Amino acid sequence: MNGELKNAHAALRLNGFPCKRPENVTADDFFSGLLASPGDTGNAAGSAVTAANVERLPGLNTLGVSMARIDFAPWGVNPLHTHPRATEVIFVLQGTLDVGFVTTANRLYARTVCRGEVFVFPRGLVHYQRNNGGTPAAVISAFNSQLPGTQAVAQTLFGASPAVPTDVLARAFQIDGGLVEAIKSKFPPM
Amino acid sequence: MNGELKNAHAALRLNGFPCKRPENVTADDFFSGLLASPGDTGNAAGSAVTAANVERLPGLNTLGVSMARIDFAPWGVNPLHTHPRATEVIFVLQGTLDVGFVTTANRLYARTVCRGEVFVFPRGLVHYQRNNGGTPAAVISAFNSQLPGTQAVAQTLFGASPAVPTDVLARAFQIDGGLVEAIKSKFPPM
Amino acid sequence: MNGELKNAHAALRLNGFPCKRPENVTADDFFSGLLASPGDTGNAAGSAVTAANVERLPGLNTLGVSMARIDFAPWGVNPLHTHPRATEVIFVLQGTLDVGFVTTANRLYARTVCRGEVFVFPRGLVHYQRNNGGTPAAVISAFNSQLPGTQAVAQTLFGASPAVPTDVLARAFQIDGGLVEAIKSKFPPM
Amino acid sequence: MNGELKNAHAALRLNGFPCKRPENVTADDFFSGLLASPGDTGNAAGSAVTAANVERLPGLNTLGVSMARIDFAPWGVNPLHTHPRATEVIFVLQGTLDVGFVTTANRLYARTVCRGEVFVFPRGLVHYQRNNGGTPAAVISAFNSQLPGTQAVAQTLFGASPAVPTDVLARAFQIDGGLVEAIKSKFPPM
Amino acid sequence: MNGELKNAHAALRLNGFPCKRPENVTADDFFSGLLASPGDTGNAAGSAVTAANVERLPGLNTLGVSMARIDFAPWGVNPLHTHPRATEVIFVLQGTLDVGFVTTANRLYARTVCRGEVFVFPRGLVHYQRNNGGTPAAVISAFNSQLPGTQAVAQTLFGASPAVPTDVLARAFQIDGGLVEAIKSKFPPM
Amino acid sequence: MNGELKNAHAALRLNGFPCKRPENVTADDFFSGLLASPGDTGNAAGSAVTAANVERLPGLNTLGVSMARIDFAPWGVNPLHTHPRATEVIFVLQGTLDVGFVTTANRLYARTVCRGEVFVFPRGLVHYQRNNGGTPAAVISAFNSQLPGTQAVAQTLFGASPAVPTDVLARAFQIDGGLVEAIKSKFPPM
């Protein structure tokens, strides 16, 4: 068969993602085992996000929903971030977490959530989760987007590629350029 | 204070649900403990759905997402049903389930899902979950609606109030009216 | 010319359906004669649905609306079904029908509608129409989706391919497995 | 009881329209007999539009769909107009009509449609229907909005209140002010 | 390289417009210099619209917003028109304009707007802007669509290709056919 | 008249904002002079945002679009921020600006924009504008939301009320708590 044409066929997409012909769809297109195992929290933040979004669970395409699992080492933190395209709701699988989000009126809504409890982070607002105990914690996150996107604030600001200009950061945070450079050095572009 | 006016104020709503003034909102408006405990599965189906939607978690209003917890007794079933306004994604908290949905082309997509695994039920399609083991099972469900609604097919058809006419049911299922009446007797209007 | 490439070009689609270049569009792309003639109601239900949706009326693509015609033999029934992606409004062309839908609170809203009258079936809810007279009847249906989809409840449940497990059906309807098998035999997979 | 407060209660609305408590909803809220009889076509245009939208069929609220009936005297015309918020699909109940719409590229798509045939007028585009025969004609229109709105172009331009400035009209149509005034005199503000 | 396949690749589109691979996107995809210079107002209307929509600013694809610049010669007019898919907000760059729109209830909302002032034209409604002074004027328009579309009413009605039937126009405007022809002669199909 | 009831009436709202009766609407409800004058840039950032959104321009309610004006002192900066509910397009009124946004893949798209040029900041992504010259600069911003909201990142993180926990910030930015406190001291809760 013609390999190039196979590529052309492979390129048929709906909504930016591959769209299978109905006769090729199986139940596995609506299934994921990705969230069954804890992510590796052996990093600076002590947390790991594992996403089951349309990039990995193709049956979500056009359906406007997805899930993720977040694991936390003892005292680990899912650093301050936003999801540009979705509201998030978390359900605590284990452990106890301090969570919060900040509104556009600069109000912080925060509290402690325990196993089995639920908390809402409205669309686009900066938020965080922190394991407040000495044992691992984990949550399941639900999003009303098949591809919510994430901006980890510190990485976005100090580790973008190309870099955000130092004086733009200095002015925003009212710190000097040397300090900006020092923080940038901790966030190598990914 | 004027009680009548208090009523008038109480009636201020957005999107059909109460809308608090910003100064009265607290973190608890975005929190729910409802899903922390298993529902009571001591019923005919051997399952229980506990919903954390906008009716019980007011902070979800306008945000287009909600969660539920479904518990299953050994061999319990969440009977065939639809959600008119949402896609559902489940995450298995414990146990092993047989799950499936039927498309508008009458194709069944079904498989077994285990602890930590994820399955998608597209918007509006008939689906079910069944505990395929002798121990309790539970899942967390996420919906891309703050009020997805549920139609349990058998209750909807045979237990509506007033009743769906017997001959309409007989014709749909190609069974006789006596059998329709017999099934109706098992689904008293709720 | 290269036939394979012609195929590749044929595959250019918008929203999952073919998208013509503007210079090739004609008035006929916005026209359909499909609903002019009654469908063949010589079947068990005594009804026939003829759809003018985006699959057959390509100009509807992206426009979010479509129509269908439903014909009824004397005493014919359009069996209980849902449309996962649309609200339906019917206009009675001829005859008198008994119609109804069931809400998520298990309330049946039903009444008789005559020639020229209109009735609404909200998105995703189970509903039916039944010719309550000895002469043919017909309605025009409008949907706020270019491809509303249909799940005929009995066919979906008892005639899916592969089959919905018998015990899942037995549990849902609180009937025994033999009866489930008997009903299944009347709904051969399509 | 306090009449003023009753007014306040009457003002409880969802989406700008009254929202009944569920216990007060009946099947009649989803029904309309408005379209059963022809409208009075004894006017200059020889046509009459009868709408079954959310203003008259309250059950349509939030459902995003509505219907209308258009009647035509022999040779009657539904004058050039737009619907700012909806695509329209017509089904011809009787008679034969010449119909057309103009795209944003100034292309006219027009043809004749007969009893039982369907034609689509995409959202927001100028269109018309004309009875091309000597007997009455009628169509049913479906819209993907519960309140599509209508701008009859000539009435909008020449019969607005206050009036569109004469020179604005003269410049647009490249006609002199006297002629604008003459046309305005035929469209008294309604 | 295979030219045909390159064509096939060129055809990969999202939402009807080309979709670049992320590695090929640059800041220039989100930039336009098109609105920096006044359009040529040396025409009958004395106005010129320059659009920065998704056709010319590809980074707008899927983002639901666009801009345009409208320039006016002294006493120039942007003739009566609609945007089928967007609300428009204008900001006056220079000069003084008389602006207005007509509602579906045939109400004209009109006033004079000066440099730095803002006015809103709701989605789909007929509107105009007229320079009410002897010096050039200009506005920036924002739309909540990446491709709002425009129907200049007079050109749409009297200059479509093929032409709108003369008697349809005569009936709509209550003028005779000779006058319709005379106006048509001023709007040659574009 | 009854003052309490006047309050009740005042509380009638659509979409969270006051909804006038049609007979009370005037052209001024669609007008704003707020953006005609430069904002006061005599502050630490050297910039000022003046918004014409639904809070101040009531006619925008339900229309999904709004505008703002941003003024910059020489070398002034509109600090890094997001809009949770809108894409932004800017048009440069005067001066020359360095602008940029960071994607969810941590890519910075940045360039210099001059008078009359346009740049797009996609929904929800962190972005900035900086006057790169010694004279004042100004832009007009358009949003596809009537209330886009703004999170100035530094104020959100370091000046929320109550405060985001110091260690959450320290972990996110990989700086020590003393430095967090020092930065917090520059962002008193507003």
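As written, the chains take the letters A, B, C, D, E and F, and residue 1 is the first residue of each chain.
To be clear about the criterion, contacts are C-beta pairs under 8 Å (C-beta built on N, C-alpha and C of every residue); 3 or more make two chains touch, one makes a residue touch a chain.
It should be emphasised that the depicted structure is a prediction, and the values quoted were computed from it without experimental measurement.
Undergrad: Taking only the C-alpha atoms, how many degrees of rotation bring chain A onto chain E, rounded to the nearest 5?
TA: A turn of 120 degrees brings the C-alpha atoms of chain A onto chain E.
Undergrad: Please pick, from E-F, A-B or A-F, the pair whose interface repeats that of D-E, with more than half of the contact pairs identical by residue number.
TA: Matching pair: A-F.
Undergrad: Answer with same or different: of all residue numbers used at the interface between chain A and chain F, are over half used by both copies?
TA: same
Undergrad: Provide the C-alpha centroid distance between chain C and chain D, rounded to the nearest whole angstrom.
TA: Distance between chain centres, rounded to whole Å: 27 Å.
Undergrad: For chain B versus chain C, what separation do you get between their C-alpha means, in angstrom?
TA: Result: the chain centres lie 24 Å from each other.
Undergrad: How far is the middle of chain B from the middle of chain F, if each middle is the mean of its Cα atoms, in Å?
TA: Using C-alpha averages as centres, the distance is 40 Å.
Undergrad: Give me the residue numbers in chain B that touch at least two other chains, ranges are fine.
TA: 5, 8, 100, 107, 110, 122-123
Undergrad: Under the stated contact criterion, what part of chain F meets chain A in this complex?
TA: Within the complex, chain F touches chain A at residues 44-45, 77, 79-80, 82-85, 98, 100, 102, 104, 106-108, 110, 122-126, 128, 130, 149-165, 167-169, 171-175, 179, 183, 186-187, 189-190.
Undergrad: Quick one: which bits of chain E touch chain F in the complex? Just the residue numbers, please.
TA: Residues of chain E touching chain F: 22, 25-37, 52, 57, 59-60, 63-67, 86-89, 91, 93, 100-101, 105, 107, 109-111, 113-123, 140, 142-144.
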